[in-house]
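One chain, subunit A, links the two complexes that follow: it is found with subunit B in the first and with subunit C in the second.
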Partner chain A sequence: MELKNRLLRMMAAAIVEGDKETAEVLARKALAEKLDLHEVIDKGYLPGIQKVGELWEKGEYFLPELITSAECMKAAMAVLRPSLEASHANSLSRGKIVIGTIEGDIHDIGKNLVASMLSANGFEVMDLGADVKLTRFIDKAQETQAEIICLSALLTTTMLNQGRLIELLKERGLRERFKVLVGGAPVTRKWAADIGADGYGENAPSAVKLALEISPKRGQL
Partner chain B sequence: MIRAKRPKVELLSRTFVEKIIGEALLLLERQGVFVENAEARALFKLAGMSVDETHFRVLIRQKLIEESLASTPSAFKIYDRSGKKAFTIGRDHVHFDPGSAAVKILDHTTRQERRPETGDLIRLSRLTEACEHIHFQSTALVSGDVPENIADSYRLFLSLQFSSKPIVTGTFRTTGFRPMFEMLAAVRGGSDELRRKPLAIFDACPSPPLKWSNLTAQSLIDCARAGIPSELISMGLTGATSPVTIAGTLVQHVAENLAGLAICQLAGKGVPVIFGGSPASFDMRKGTTPMGAIETMMIDMSYAQIGKHLGLPTHAYMGLSDAKINDSQSGLETSMGAVLAALAGINVVSGAGMVDFESAQSLEKILIDNEICGMAYRLIEGVAQRDEPLALSLFEKLGPESQFLTMPHTRKWYRIEHMLTSLADRDTYDAWAAQGAKSMADRAHERIDQILGGTAPNLLSYDLQKELRRIMLDDAVINGSGSLPEIRF
Partner chain C sequence: MRRVVKVLPEGLDLRAAPGELLSDVMERAGIPLSLYCGRRGLCGKCRVEIVRGAIPEADEFERSLMARGSLPKNHRLACRFHVDSDVSVRVPPGSRILQMPVLSRGTGRSVALAPAIKKIRFSLSRPGLVSADSVLDSIHLQFPGIALRGPSLETLRRLSRHALVESGPARDMTAVIHADAELLDIEPGDTTARNFGLAIDLGTTTVVVELLDLNSGTSLGSVTGLNAQAQFGTDVVSRITAAYMDAGKLKELRASVVAGLNAMIGVLIAENQVSSDAVYETVLAGNTAMNHLFLGLSVATLAVAPYHAVFSVLPALPSAETGLTVNPLGKVYLAPNIKSFVGGDIAAGLAAVGMDRQKGNFLFVDLGTNGEIVIKKGTRFTTTSTAAGPAFEGMAIGCGMLALPGAVYKAHYGKNLMIETIGGLPARGICGTGLIDLVAGALDKGLVSSRGNVLNPSRTIAVTKDISLIQKDIREIQLAVAAIKTGIRMLLGENRMTTGDLDGIYVAGAFGNYLSIDNAVKLGLLPRFNRRKIHFVGNTSVAGAKALLLSLSERRRCEKMAQKIRHVSLAKGDEFQAAFVEALEFKAWS
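Moving on, here comes the complex of A and B:
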């Protein structure tokens, strides 16, 4: 009990510190000690990444810390994943998200950040990369039974495609099936409302908050 | 007479310059660059470089870089539309041009950005024509009222018609070069004449880190073959797409540019190439690319110094702002950039008119920046000896009641020694208040109408207008649109 609590605290600390090696070592230790992996994630790693989000909001953490912690989280999850999948994989996901930079746009720094933070926060993220055709977002979301589609755009010209995707969903009678979140430098809350998106994230941490709020599986972890 | 000393600022010691170049050369030899364009890879292969056709990686040996540097002119001339007025690009000559390819325009009245259209491009081109201190024009706005697949050639189509100044431009698609070249050749009176008297510079941006995309390498090759100068716009973002330290970013910058230079010289030996860039000190909070950051300007000044050391003409994106309106930030970042660029002796300085990083143009700001550029020019003219003796003879004539205002000496020199501003406010408080207590941006806004209403546009001949229209329409039809927006001015 004592050991477990100490390990959980160390897991959170490793994520906050961005110490990938320790985060992985602790994940292996959790497996060796046969700890409840639910608890390991929920009370160990996740509080760490949540703390990182708070430090970001306070203005203490900047992008290098944010992205490093997200990478640590990914690394720890990679160690745990095989055992998780062997037991009860699906229940450990906060939801499935298809994400990508929209057709015509090759900028993906912002999108990568959002994808990392979402995945660090317990979502299963399917990152389609940059310059992604509209139909591909929809096909992939259907194929993987995702709940959320996240669209990034850095250019005002390609931003228009975010609206087209929503139109396309309507045409195919799938609008109610997926939540659509939009982001990117030129995107504003007003734009999101104009095209009928389900939400707009100003930065990576706010995208996570948004996804947690609208995810049908919220709090189910 | 003692001639004016040209004020100059250099940030790097010679040892540091050589160290950065040394690492860049090693980087090209060991790590190499990714070259997406098959033709460019073939050129490298032909030159005996090691080319990995699976991963598109090309290792570039120092010898090729040395040969490329040797065959690139250290200075060249670019000519205006008439072919009569020449501008030297090289040595410490400084030429300002509006920041290129903005996708938005700042509307002064609403204080909001909107999509630019044909009329905005025409107005911007005409205003640039009227700006004394902005020597070149650029295809500064992307017109939103034509399809994207002809947006590159359409900008040039309008710019060529409404301003006589040399043009900084670039392609958005691999097939964009052909119609753009045809327009330039038509205006110049043939491709040979265009080669002899360049009218435009084409920007080409490598993708950091160390990658030349298919589109940009194609632009280098097409330009080199036509004898058109290319401007290499390496654009690392510190800590995101390039090393976080300024010196580390410079190594990557130099390597990317030298790889581009090699492509140019392999495709067209002797073609002018400008060692340029648009790097930025990446903002670790916002994930943005501040062009007004002092560190961005330090990177610019440093690589320009390195470019000069290599004997190349230089370029930088300076004299622009990240502000969203024409406010204090906009003035401070633009002035700092324009002055530092001039002090660094950078040959082509792109940025005038730009706000919101590199995404928006402001007509008001073009006029404000014209005045900033004028001040920068005045600064680098330095202080000259005008008379011998300097002042003694003036004091001989000076009685207890006299002053200098009425002296012929004053009248002779005041306009030469001092620049007269027209937008900066130098009124007394009361005079300023009586004129409506306006900001500089407000005054610039009023000036736009005076310029556009008061002067006839400097148009191309009717025959050339017709010819450009034919080329543009052909390009539009091939790309699926049968008509073009109406041109009004």
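Moving on, here comes the complex of A and C:
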């Protein structure tokens, strides 16, 4: 019990410190000690990610730290995944997300960060890259039966395409099928509301929070 | 048997074949003799003094010039002089092509004065009773060998009003010729002394207009102002977005910049008592977006990937169509866009610096909002733009401001923090170079970590009682520096080069005038490099516009260069993210 709590605290710390090796070592220890892996993720590593988000909000953590922490989380998950899959075949994923930078736009650092953190948080993420045609988002989401479509745009010009995608979904009678989240530097809460998006994330940590809230499989993991 | 031509004051002895034209002999020897009217005997600018040897009889052209007092008695036109015997000539300074310095600071580059606009006096005589040549034909006869395009209908109308000659002697007229190919205008009388041009730097934030005398190549003055489009957004993307979404806004954007330019032109020509009709050519150097908005072109292609321009090289446009208050029959020439967002201001900048004339490898970086970078490796040029953002212009920074009076532009942490402001006025904000100084100083003093964290408990860096830098400001500077640093490193990598392969670095942009190299290196904005080989060249956009205005051959050269520069899109590579993130740390590099 004491060992478990200590390990959980160290896991969070490893994420906050961006210490990939320690994160991996602790994950292997968790397996060796046969700890409940869902608890390990929810009470060990994820609090670390949340703390990173808070430090970002405070301005103490910047892009490099976010990226390193996401990498740590990915590394820990890579160690745990085989066992997770073995024990719970289909509840591994919190949900499926199709993400990409919208058509006409090539900026992707922010989007990459969001994809990393979503994946680190247990979502199955299909990152389509940048300058992704509107139809491709929809086709892929249908094909994989994703629940959420995340659209990133960095220019006020390309941001318009986020609205166009939602229109396209309506035209195809698919609007109710997917949750559409939007983000990117020029994007605002008001814009998201104006185009009828289901949510707006100001940065990677809040994108994750939002995805967790609207994920239909919330609490199932 | 070869004749000997002795040229003074150089004291050169040149060999000429019997009967060879003196101007040809001198051209062969590289003596920069002005052949303004193209050897037609009309301008008198190639005259030389015959100091020793036979002085041939004056021909009709020379007699005409003598009658007007434009050719002293023992002078002859080199373009009409056949060398039949040995001769000594003195070339007066006025007959030499002037070398005009181009940059107000930096490399001492100059261009040979040979503008596109030439004003040549000619005589419109009464048509003979036998040959009733048309007015236009009799003018063309005076300019044999050039296929004169034009004139425009307006010019023809003017000509028809001036051409009626009832009695009296032949009338002086002045032909205004563009690029030795197009007859723009005919003016009554001899107006050759009034030949002016404009060189314009159309910047996103600041605009500079300079008035030049195209006969002497000298600048009569310049005016600097803010780009009136700022009301539509301080950065290029906001303006593009406004124009992209609304054709009415595109019209407004165009109207505001044209009005702003006309106001500045008005000031210059009033101050110098020049008539706008005497301004026949304007050369404009701006970035791609500015060029498009000035012409009122749709910017749809610039708004989305792959962000390509509508044009790169354009022939000079009729002034009347641009809306500028200059002679409507004149021309407006835009420095060619290179590719995508790397535009005419950079092409002009490269012309100003003359990088293509130097042997070796060079880096050219324009420290401004768009952070354009050019690398010359041998004969190959590559370029990219880095969207550094407005931090260097003091924008997006809480207490930031443009480099105007009252801006903190220098700072140093000694025992206390010492600051200097532009104009010595009380500090009211911090401009780009001040930001660099402050962050580098704070880094040294341990107030800021290399990862950009403000370490003191208040999380602010105090500058004055009312001015300070906050954590968010430091992040903005990290982003701007990282953009430039990554751009330089990736372009070097693209060329398989390191900074060790560079023979020099040119830093352009008004920002560069006061930039502390030490502090720029500390933050990683510039690489560690031999101080003596870093050249701050100031506003190369306006210097380049000048060079292109004063020299038609520089213009052609610039166009060729613009078309062969290879453009690299930084976003294409997978390495960009990793390189950019790594560059966020304040660290010297080389």
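Throughout what follows, the second predicted complex is superposed on the first by the 216 of 221 C-alpha atoms of A that agree within 3 Å, B and C clash if a C-alpha of one lies under 4 Å from a C-alpha of the other, contacts with A are read in each partner's own complex, and residues count from 1 in each chain.
Note that a residue touches a chain if its C-beta (ideal position, glycine included) is under 8 Å from a C-beta of that chain, and two chains touch if they have at least 3 such contacts.
Bear in mind that the values here come from a model prediction, so they are computed numbers and not experimental data.
Participant: Identify the partner contact of A:A130: answer first if only subunit B is touched, second if only subunit C is, both if each is, neither if none is.
Facilitator: After superposing on A, A:A130 lies in contact with subunit C but is clear of subunit B.
Participant: Using the superposition on chain A described above, determine whether A:A185 touches subunit B (first), subunit C (second), both, or neither.
Facilitator: Only subunit B; A:A185 stays clear of subunit C.
Participant: Of subunit B and subunit C, which one contacts the greater number of residues in subunit A?
Facilitator: Answer, by number of touched residues of subunit A: C.
Participant: Between subunit B (first) and subunit C (second), which, if any, makes contact with A:N203: first, second, both or neither?
Facilitator: A:N203: touches subunit B, not subunit C.
Participant: In the overlaid three-chain picture, which partner chain does A:N112 touch, first (subunit B) or second (subunit C), both, or neither?
Facilitator: second
Participant: Which partner chains sit in contact with A:P82 here, subunit B, subunit C, both or neither? Use first/second/both/neither.
Facilitator: After superposing on A, A:P82 lies clear of both subunit B and subunit C.
Participant: In the superposed arrangement, which partner chain does A:G104 touch: subunit B (first), subunit C (second), both, or neither?
Facilitator: In the superposed model, A:G104 contacts both subunit B and subunit C.
Participant: Thinking of the overlay built on chain A, is A:L63 touched by subunit B (first), by subunit C (second), by both, or by neither?
Facilitator: Both partners.
Participant: May I ask you to decide whether A:G173 touches subunit B, subunit C, both, or neither, giving the answer as first, second, both or neither?
Facilitator: After superposition on chain A, A:G173 lies in contact with neither partner.
Participant: Could you tell me which stretches of subunit A are touched by subunit B in one complex and by subunit C in the other?
Facilitator: 59, 62-64, 104, 109, 155-157
Participant: Residue numbers of subunit B touching subunit A in their complex, please.
Facilitator: So the residues of subunit B touching subunit A come out as 103-104, 115, 142, 144, 148, 237, 239-241, 284-288, 359.
Participant: Touching residues of subunit C toward subunit A in the complex: what are they?
Facilitator: Within the complex, subunit C contacts subunit A at residues 237-238, 240-241, 244-245, 303-305, 451-453, 459, 471-472, 475, 478, 569, 571-572, 577, 580-582, 584-585.
Participant: List the residues on subunit A that touch subunit C in their complex, please.
Facilitator: Per the touch definition, subunit A meets subunit C at residues 59-60, 62-65, 67, 103-109, 112, 130-131, 155-158, 160.
Participant: Quick one: in the complex, what on subunit A touches subunit B?
Facilitator: Against subunit B, the touching part of subunit A is residues 59, 62-64, 104, 109-110, 113, 155-157, 185-186, 203.
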